[in-house]
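Everything on this sheet refers to the single structure shown next.
Order as written gives the chain letters A, B, C and D; numbering starts at 1 within each chain.
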Amino acid sequence: MRYSYFPGCSMESTAKSYRLATEYVMGRIGVELVEIEDWNCCGATSAHTLSAAMGLALPARPLAMAELREPGLDIVTGCASCYARLRLSMHKARSDKAAKYLIENVIAMPYEAKREVYSFLDVLSGEEAAAAIKAKVTRRLTGLKAACYYGCLNVRPAEVTGAPDRENPMAMDRIVGLTGAEAVDWAFKTECCGAAHQNDAASVSRPLVWRILKNAQANGAEAVVTACPMCSLNLEMRQGGYRKHTGLPSMPVFSVLELLAVAMGASARQIALEAHHVPAAKALAAALRRSGGGVAI
Amino acid sequence: MSDRQEKMRQSAEKLLRDGEVGYVIGWGATRFCDRTTPVFIDSPEGAASLVWNEHAVNSLAKYLLDDKYPDKKIGLFARGCESRAVNRMIKDNQVKRESLYLIGVPCDGKSSDRCRLCRERNPLVYDVLLWEPEANAAPADRFERVRGVEAMSPDERYRYWGGVYDRCIRCYACRNACPVCSCRECYVDMGRTGFQGKQHSRSDNQIFGVTRAFHVGDRCIECGECERACPMGLPIMGQTQKMLKEINELSGEYECGLDADSDSFLGRFDLDDKDEFM
Amino acid sequence: MSRIGVFVCHCGTNIASVVDPDRLTPAAREMPGVVYAADYRYMCSEPGQQMIKDSISEHGIDRIVIASCSPRMHETTFRKMLKGTSINPYMLEIANIREQCSWVHADKGRATEKAIGLVRMAVSKVSKNEPLYAQSIPITKRALVIGGGIAGIQAALDIADAGHEVVLLEREPSIGGKMAMLDKTFPTLDCSACISTPKMVDVGAHPNIRLMTYCEVESVSGYIGSFEVAIRQKARYVNHDICTGCGLCETKCPVKVDSEFNLGLSKRPAIYKLFPQAVPSKPVIDSESCRMLKDGKCGICAKLCPLGCIDYKDEARTVTESFGAIIMATGYQLVDWAAMYGEYGGGRYRDIISGLQFERTVNAAGPTEGHILRPSDGREPETVVIVKCVGSRDPKKGKSYCSRACCMYAAKHAHQILEKLPGSRVFIFYIDVRTPGKGYEEFYDQTRMDGAVYVRGRISKIYEEDGGLVCQGEDSLLGSQVRVRADMVILETAMEPSQGIEGLTSMLGAARDANNWIQEAHPKLRPVETQVGGVFLAGTCQGPKDIPDTVSQASAAAAKVIGLLNKSEMETSPMISAVERDKCSGCGACVGICPYKAITLQEIDDRLGAKRIKREVASVNSGLCQGCGACTAACRTGALDLLGFRNGQILEEVDALCL
Amino acid sequence: MSLTEGFEPKIIAFCCNWCTYTGADLAGLNRMKYPENVHVARVPCSGRVNPQFILRAFQKGCDGVMVCGCHPGDCHYSTGNYFTRRRFMLMKRMLEYNGIDPGRFHARWISGSEAAKFRDTVAEVSERLRKLGPNTKYREALREGADAGKGGAGI
């Protein structure tokens, strides 16, 4: 399993634990990520609101680079925003001759969109990867009730993502299940978290985060699991005021790769669990204890 | 080359010896080293006269229409062009698949101008394939010639086609060679229907030209036999290709004879067809 | 050489004031083949017609041209006139020199010139006319009604009352359809069963109606007046000839599966009647769930039955019956909302039900005996949200059309909840409220007075939280987001054509519209006919409608059928397509073009030199062909031609104009 | 110039019996006025019109040809005009490709109620043809006094 890899900007900054967990897990299950040479920002979420051409061309450039250097490899990214932008450029280059022409003129190189763009969820839910995960899980997170939050951009728009179910996707739930944790059935898997407007319209956007957390808790979840550094950041950093408004305790937020890493034996330090805003290690430690492993995290 | 020729001879011989087919249609030598002729082999011994070289130009499929109700299967050497013709004939209910034995012979390119538009060298339908499929060569620009005529002014176009049809001798070789011309009696041969006159004039020749395009244009497999057969060397595919080009533009990628099921353009409709007659 | 007579009509001054008969008539006389030409004040009048008839015999005329008003006006008149003469009624052409000449042109000289041209066209065409003979087809005096809902029931009763035999076919074990499932009907709130079950009983008892339940149409051939329909009687495993419908067998059946009639809100045994008032009131065994039929172990019902009706070896049978006319009354089904609306939970929440499930819930004969209880825990809901247009008026996710009945039954549901559950609250989310019907707007007003809260906007998401359903949407009048916590949600879902409509319509050759409803022959003027002669439409198979409209259409379709069956034979137009077999190569280009499936390829014996061969040629069914001529334009060789509008005739017209 | 002065084009209009022919009749009932150039040939359906008829009309001396029928979806025979639409979309392009001026062939949907549309269409086509002048293309050899010998084989 080899992929051209588009890390995205968050991986380099706020998502340290996500990055470490990704490296840990992919290494263990034998997925080789070939980082795209000289990749650039995909432009999310500002570029396409300012210039349609820029919105298409920015993500297309790393894709074109990837196809040039590694023509046999599909592309994978771990961020939902990046995924949505990359996929849109791929989709447009395939379906709209004018858009392809525009893209190629701006990036000054050919882009044939021959390879697919995948998310980590696509990669990890494949049969081969799932088998590898099963083989590598050494300790189980028994009884950890997690709400899988996919975010809107992993599934929408359907004609771009090709997601079979926009309301109740199950790929992450199945991956979480492999760690021994329990994915709860809840209603806000793909609801907007208001990420783009958390800075400029906080009074409107904060409640969007809160209602997601609230529904997760109402359905018995003790943690939220995401597949995107931006989703993670947003759900985790915007919990100030949540307790006051809802009377509910704050919620730890993990990336699905962190859960996998811990289940495969990674220590808290190895994946920098201490970098979380909402204390995260405790819930995992409790789950490990329940499984009888008793291994300190 | 001779290896392939040998395979063809062996295959025909066996089919005839086993009584699988009544006869085999293939190519045979002529007095001229750069010509072959279609041959009809009806004995195992005759198979030795089959040839396969770059001069095996004629499309053999048309001969099937001369024997639509055979007692035994007919063996036919089929390249891409023959197979597309057969598909079309099956769709047009002219021949039955079960009365044919198609000996697939991937084409290695022939020395004929008719092959310039070839997009499919390998048979699309066959009972046996004598050798490995060939890679398809990049065909010439499919509608290049049509675009050339389109670029002219209306009067220039009229002069162009007028000039073409002034030279037409109305021999109907184009029709006789065309694998999708399958009427029992062609309208131009009828006295009574009177769709058009038989006289040899520019007007009647032109009308024959446009009518021919209309009759075969949405089923044309682009084999180029009509132009090859034309003794006056007239560029008459310019008419059928125009039909195909317009159909392509109206309804998306359109090629005929790729299978034996697809309806032709004028035989069906789409509620969402373009409408310019409002 | 033909002997043509030309008769120029003045139409009072309508023609003669612009077109000069004194120029036209002599000009006509000079045209090739014309042996006589005359003009007269009113050709269509009694003396005018007499003059034509006299001239025909006097001058040995064998075909005529009448230059007069539009053929759409008097072609039939003059054809009738010719019936009393020596010449065939189709040896006639009309030159339209009134509507298309004297009335639209002012310049007398030029109008007269044009009239001469029009007459010349008609003269040329008529020279190629040939005698045509109308065929008459016998009418089988029996009707088939497909579908035993209220539309089929009404149509069958009307036809039977008029004295004709009817077969009423239903694929379920009982007639009754959707109306039998409803509780009350808007706007009068009379009990649905009370008005529909007596009709069901009438059907069962009517001497002219033969009920064929648990049956499906297997194939249809033939045409108006004589359809041959193969009907498949599914295996019932119960001998209905001796069964009295006592119901003993149902009591001890160990199998329990979801009840179709109660839409999964209750269970039924494997041997069952669809519902207590079923007609026929006799059970069938559902072979898919019966233990005896599946595993060969059980047989309890057979032991219980005092008359020995149970027959596990029963098999499906196919019978072929003849009919003169067919009524389609196949009705509708509700869309599968769970597959379309993931945002409403995609079927995961038990307390979101469809309007029809609510009908069963509120129905005294339903699973809760009429108590409004929510399915999850059997509690009475305090707050109910009703969502309208679920799947309707939603081109992106559902259907683009309006389902027509939902506005009214949504109001009815609100009314029933508020009446049965005092203190409850009902919110209705709507796009528009449409109440075009007698007493409908008043009913809607009353519902609002009762306390139903109408909120204009769609629901964007429903989710479960803290034991309730949160309905999130927009109040587009206030321009704000709203969220309502409900105990139960009712989705008023779109109607769509019944499953299986595609197969049935293609057997009949009837067209469907873009939404798969059966296409009527003309949206205004022939709303209960299909374009296939002898096939009529009743009820929602043609498009969404409520009960009053359904019943009206059923009676209208019945009237059409009665009119047809009252005749013993019917004349067909002889102006239809004809095949010249010698020319036909059997390419089949015409077959797919015919909208009536009138052309088939037929094998004929022929000779090829000394050899006898069988070959296929096109064959036109004169009962089905309507004479449009589309096939002739597709026929390259001209083997197909349209009688009355032959290629040769039209070419003559063209040539004549260009002279 | 001399060719078009005082020139009145000859137009044949193939009209379907159920829509356009009825619309033309309605124009008469309403006493609408339009040029005398157009002669209607009645056909049951626009789908009945064989492309051969159009070629023949040009050959025999019509200056313009119209094919008119019901609007798509309204065909009396339900689907006839969908085939008309395809057939004549191609025909129009083939004629133009062969050098016939686009103004000489027109296909139009005119319903039974669109008397005004019939009038306007006829007026428009007739005006356009008046400007174009007589059609010489596809004409068969004119009998006497024509410019015989100018073209190739028998004009």
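Keep this in mind: contacts are C-beta pairs under 8 Å (C-beta built on N, C-alpha and C of every residue); 3 or more make two chains touch, one makes a residue touch a chain.
Here the structure is a predicted model, which means the values were calculated and not measured.
Chemist: Specify the chain with the shortest distance from its C-alpha centroid to the centroid of every protein C-alpha atom present.
Modeler: C
Chemist: Please indicate which chain is farthest from chain C, where distance is taken between mean Cα coordinates of the chains.
Modeler: Farthest by centroid: A.
Chemist: Between C-D and A-C, flag the pair that has more C-beta pairs in contact.
Modeler: C-D
Chemist: So what's the Cα centroid distance for chain B and chain D, whole Å?
Modeler: Whole-Å distance between the two chain centres: 35.
Chemist: Could you work out how far the Cα centre of chain A sits from that of chain C, in whole Å?
Modeler: Centres of chain A and chain C (C-alpha means) sit 53 Å apart.
Chemist: Determine the centre-to-centre distance between chain A and chain B, using the mean Cα coordinates as centres, and give it in whole Å.
Modeler: Using C-alpha averages as centres, the distance is 57 Å.
Chemist: Can you list every residue of chain D that touches 2 or more other chains, as numbers and ranges?
Modeler: Each of 50-52, 56, 79, 83, 87 in chain D touches at least two other chains.
Chemist: Two or more other chains touching the same residue: where does that happen in chain C?
Modeler: In chain C, residues 593, 634, 647, 651 touch at least two other chains, as defined above.
Chemist: If you look at chain A, which of its residues touch at least two other chains?
Modeler: none
Chemist: With touch defined as at the top, which chains are paired up in contact here?
Modeler: Contacting pairs: A-C, B-C, B-D, C-D.
Chemist: Show which residues of chain B lie in contact with chain D when the two form their complex.
Modeler: 146, 149-150, 154-163, 166-167, 195-197, 199-207, 209-211, 213-214, 217-218, 239, 242-243, 246-247, 250, 265-266, 269-271, 273-278
Chemist: So in the complex, the part of chain D that touches chain C is made up of which residues?
Modeler: Interface residues on chain D, with respect to chain C: 10, 12, 17, 21-22, 24-25, 27-29, 31-34, 36, 39-45, 47-53, 56-57, 60-62, 76-80, 83, 87, 119.
Chemist: For the complex, which residues does chain C have touching chain A?
Modeler: The touching residues are 342-343, 345-346, 348, 461, 463-466.
Chemist: Help me check something: in the complex, which residues belonging to chain C touch chain B?
Modeler: 514, 582-589, 592-593, 601, 608, 611, 613-616, 634, 636-639, 647-648, 651
Chemist: In the complex formed with chain C, which residues of chain B make contact?
Modeler: Its residues touching chain C are 68-69, 92-94, 182-187, 190, 192-195, 215, 263-264, 266-268, 271.
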